[in-house]
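In the part that follows, the structures are each spelled out as structure tokens.
Below, chain A partners chain B and then partners chain C, in two separate complexes.
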Partner chain A sequence: MNPLYFGTSEEPLFGVYHPPHAEIGREVGVLLCYPMGQEYMRAHRAFRQFALLLSRAGFHVMRFDYFGTGDSAGDGSEATVERWVEDIACAIDELKDSAGVERVAVVGLRLGGTLAAVACGNRDDVDQLVLWDPILSGKQYVAELMREHAGEVFAEPTAADPEKETATVGVMGFPITRRIRRALWGLELAGVSLRGGLQTLIVVSAESERHRSLVETFGNSGVDASFLCVASEGNWNEVDDFGSALIPQAIIRAIVNYLSEKTGQ
Partner chain B sequence: VKEQAIQFGKSAMLSGILADPTAEEVDDGRPAFILLNSGILHRVGSCRLHVRLARALSRQGFTSLRFDFSGMGDSETRRDNLSFEDACRSEVREAMDFVASARGARHFVLLGLCSGADMAHLAAAEDDRVAGLMFIDPWAYRTRRYWFTHYAQRVFKADVWKNWARIRVRRMLGEISARRPAQSTESVTYDVPKYVREFPSRETVARDLAGFMRRDIRMLVVFTAGMVDHYNHASQYRRSFPEVDFSDRLQVEFLPTSDHIITNLAHQEFVVRRVAEWAATVPVRTSPRSTTPQDTAATAALR
Partner chain C sequence: VRPTPSAPDPVAAEIEAALASHPALEGCAALIRKDRTGTGRVVCYVVFRRGQHATVSDLRRYVKSRGDGSRRAPSNFITLERLPRAGDGAVDYDALPDPFGVGDDHVAPRTPTEATIAEAWKETLGLPRVSVHDNFFDIGGHSLLAVRVVTKLDKLLGVRLSQAIMVLRTLEQIAAECDRQRG
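Up next, the complex of A and B:
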């Protein structure tokens, strides 16, 4: 495991590169894209374990913190969705450089999945895209965060409208600017363009017709899409008084198996 | 930002971020800060508080290391059988050794929230290099005034009665169950060290604190409402240890509207500003206060 900073010297991004298990060695890199906010906190240890399993399966693995998150440069109030998408592209290039590989798979959890689709849906060096419990609608996601923050079960989603609330708001400890909310407001996963032939797995921890229907939506554009439900407990967005980790091993193993099969070894 | 990803450690490879000062004038005698995990949250701290603290301290001319204890964040799990507390004490010492070796620091301020504060306390008790302690929600002990404040607040607070009535009406209407159903953790693995927070006796903590004061350790303590079952007014910390002569070495802040993990952005801002202000008041020391034997150099060099 090699922790490192990459990107520009003014605004470096923090990442961890996990080299493959020497005996298996695949010529494929896997980039892991974290979710945001409290979900990132809860997922951190799971991503480490996930990366270790992938490296044992022979993959070169990289996980990284977006600008304004984790150990990367910047404050959360300076971050933008556009910048996060650029960061994913930058991390793919860094993984290819560090590992000396040409082919890459990208896995993203929750908002990380949706951003990964935007960032690499049309890259010709990305062969597999795994969307793990991805955010389908940015608008609903923002509303969900705002509801959690307010602690009001019946809060109106429109309270999250970036045109009505213009200030930066703290959502469960993390700043969400109006610019971020605006960008998310118009983000629909079903509307993201993915290149034909891209092997895409939508994997969810609870059965969801809306997620399942993405297979058809993407399939209509020639995407090689599939769906998998691995029933798992846990709410990524839950916040308790002390912080907690969630490590859903079955779903992690399912993704490792999918990538192992698709990369042919 | 002048930050470097590092790995160090004897019994397990520990990961951290070493942040160097960005201030133009840096005094060699200034202490370096060691930021400790809060519960099982990784080194960025609750709501990324440690990252913001480290960067504010850098601007003030301080070096800091935020790292993960073994089995947390990016650090490996230990293979020996040390208890969580013993492992943490050993790893805080290794972290200080590392910063001493890499940056020449001779004195340290240990900073932590909740279990991080507990570990900072334990580590400070056995290492004379510690010159300062910054605790958020450390062990606290109730006083008579605590109980008076506790009941007075409840009796005179309209919200308490409103809330009581609202909950009962909703229960009658069947909107909420009397008890929150326990969450299943069957398929969830908490692959992290076990730490059950138990408060030592007040006398034990008082004895340590008296020792800290004799060693001229400076302390900043912040309490949130997350500790309301143990702490409810600003002066309680001093009052609960009447035998300790804190003099002006102790500063206490109480945030009665903050939750334990400090999710409110204004509270986060306050803590960052307050720590940076306080850091400037920790006296510069030119040499160690004693010659307590320490483990020599850190085991790993900078990457």
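Up next, the complex of A and C:
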């Protein structure tokens, strides 16, 4: 694997490129889009393993940290949802340059999936989009985070001024500013425009009628959408005393199989 | 069989010359290397001046801008502390690290301790083989399985490992730690 900084030198983004680790490579890059906050921590190991399995299946793979997260430039108060969407587009371009490929598949987990749909739904160089336990409603997602965080908030009120545009409230490890909350509030996955013919897999760890219904919603606009439920661990926001990672191998294998089949080499 | 680097070919030499004038760089080298699939890729090795940095995107743009646009763009960049030099001061291309092979090859256990740990991992994870360079969590382990392995190794080797060592280290490193603890 090859750790790198990409994007502008003033505000570099951190990424890791995994070249194909197979004798027969695929002329396809796979970009992995992380979730946020506590979910990022829980998913980190899974993404490393996911990248390894994809590279062993012959794919070029890249994972990266959004602006203001992980090892990328910026802090939480500077980050915006719009910027994260731009980061995904930038990461797709970097993956194509690093790998020397023209075709890309994008996999996003939780909010990473929803942002990926916004970022690449209309790009003509993205052939497959995999939305893994994606956030359907930004409004509900924020409410869910706030609810999970409520005990802590009541125990120790934050000093941050919620009226300031950049005042940050740490919610489940997710530094949320008012403008991030506002942007998430208006984010509905079903309302995201995806180009006709885009192969889109919605894969979930527990049966969900609302996720399943996305297939019809997207299908109505010509998207080649499919749904897969792989019963497995999916509590990405859980916090335990060990900071345990979540590695749902059955889903990871299912996505590797889906991409291998769709890219058909 | 790993591909071995040769003296830079004309394409790599041209890219190296273009990159050399980047103001953030103290030194650089370029090679065409074959990846696992046998595809030749331009790999650039860069040493930054103290306090200076540039992203790979900017370095790539810089190379493209120093010509008529027909130049092949570098694929990968590796940042080094310094370039390896031969006795005459020239860059030792053979000593430049290979980004497509380092640490990724399967290496079977070589010592009794490595073999014991490998057996415990294989049994717990249901894998046919593990490499001494593998990390338990990278190949499918999780916290509960790690506890099982720690208990198993306590019985087999008389060494009580911490959870942290399983998270951070490779099989080879864990075996060395076991040997150290056993004196």
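By definition in this document, the second predicted complex is superposed on the first by the 242 of 265 C-alpha atoms of A that agree within 3 Å, B and C clash if a C-alpha of one lies under 4 Å from a C-alpha of the other, contacts with A are read in each partner's own complex, and residues count from 1 in each chain.
Criterion: a residue touches a chain if its C-beta (ideal position, glycine included) is under 8 Å from a C-beta of that chain, and two chains touch if they have at least 3 such contacts.
This is a predicted model, so every value here is computed, not measured.
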With everything superposed onto chain A, say whether chain B and chain C fit together or clash. clash
Output check: A:41 vs chain B and chain C. Expected answer is one of first, second, both, neither. What do you get? first
When the two structures are overlaid on chain A, which partner does A:175 contact: first (chain B), second (chain C), both, or neither? first
First (chain B), second (chain C), both or neither touched by A:247: both
Identify the partner contact of A:52: answer first if only chain B is touched, second if only chain C is, both if each is, neither if none is. second
With the two complexes superposed on chain A, say which partner A:70 touches: chain B (first), chain C (second), both, or neither. first
Among 24-32, 42-50, 78-86 or 168-176, chain C is struck only by the chain B stretch 78-86
State which residues of chain A lie in both footprints, the one left by chain B and the one left by chain C. 2, 4-5, 12, 45, 48-49, 242, 244-247, 249
Given the complex with chain C, which residues does chain A contribute to the contact? 2, 4-9, 12-13, 17, 19-25, 45, 48-49, 52, 58, 90, 93-94, 97-100, 242, 244-247, 249
Okay, in this complex, where on chain A does chain B touch? 1-5, 12, 14, 16, 41, 44-45, 48-49, 69-71, 73, 75-76, 168, 170, 172-175, 232-234, 239, 241-250
Per the contact definition, I'd like the list of chain B residues that touch chain A in the complex. 1, 3-7, 13, 15, 17, 38-44, 46-48, 51-52, 72-74, 114, 183-192, 226, 259-265, 268, 303
Taking the complex as given, what residues does chain C use to touch chain A? 24, 35-39, 41, 53-58, 60, 73, 75-78, 99-100, 104, 137-143, 163
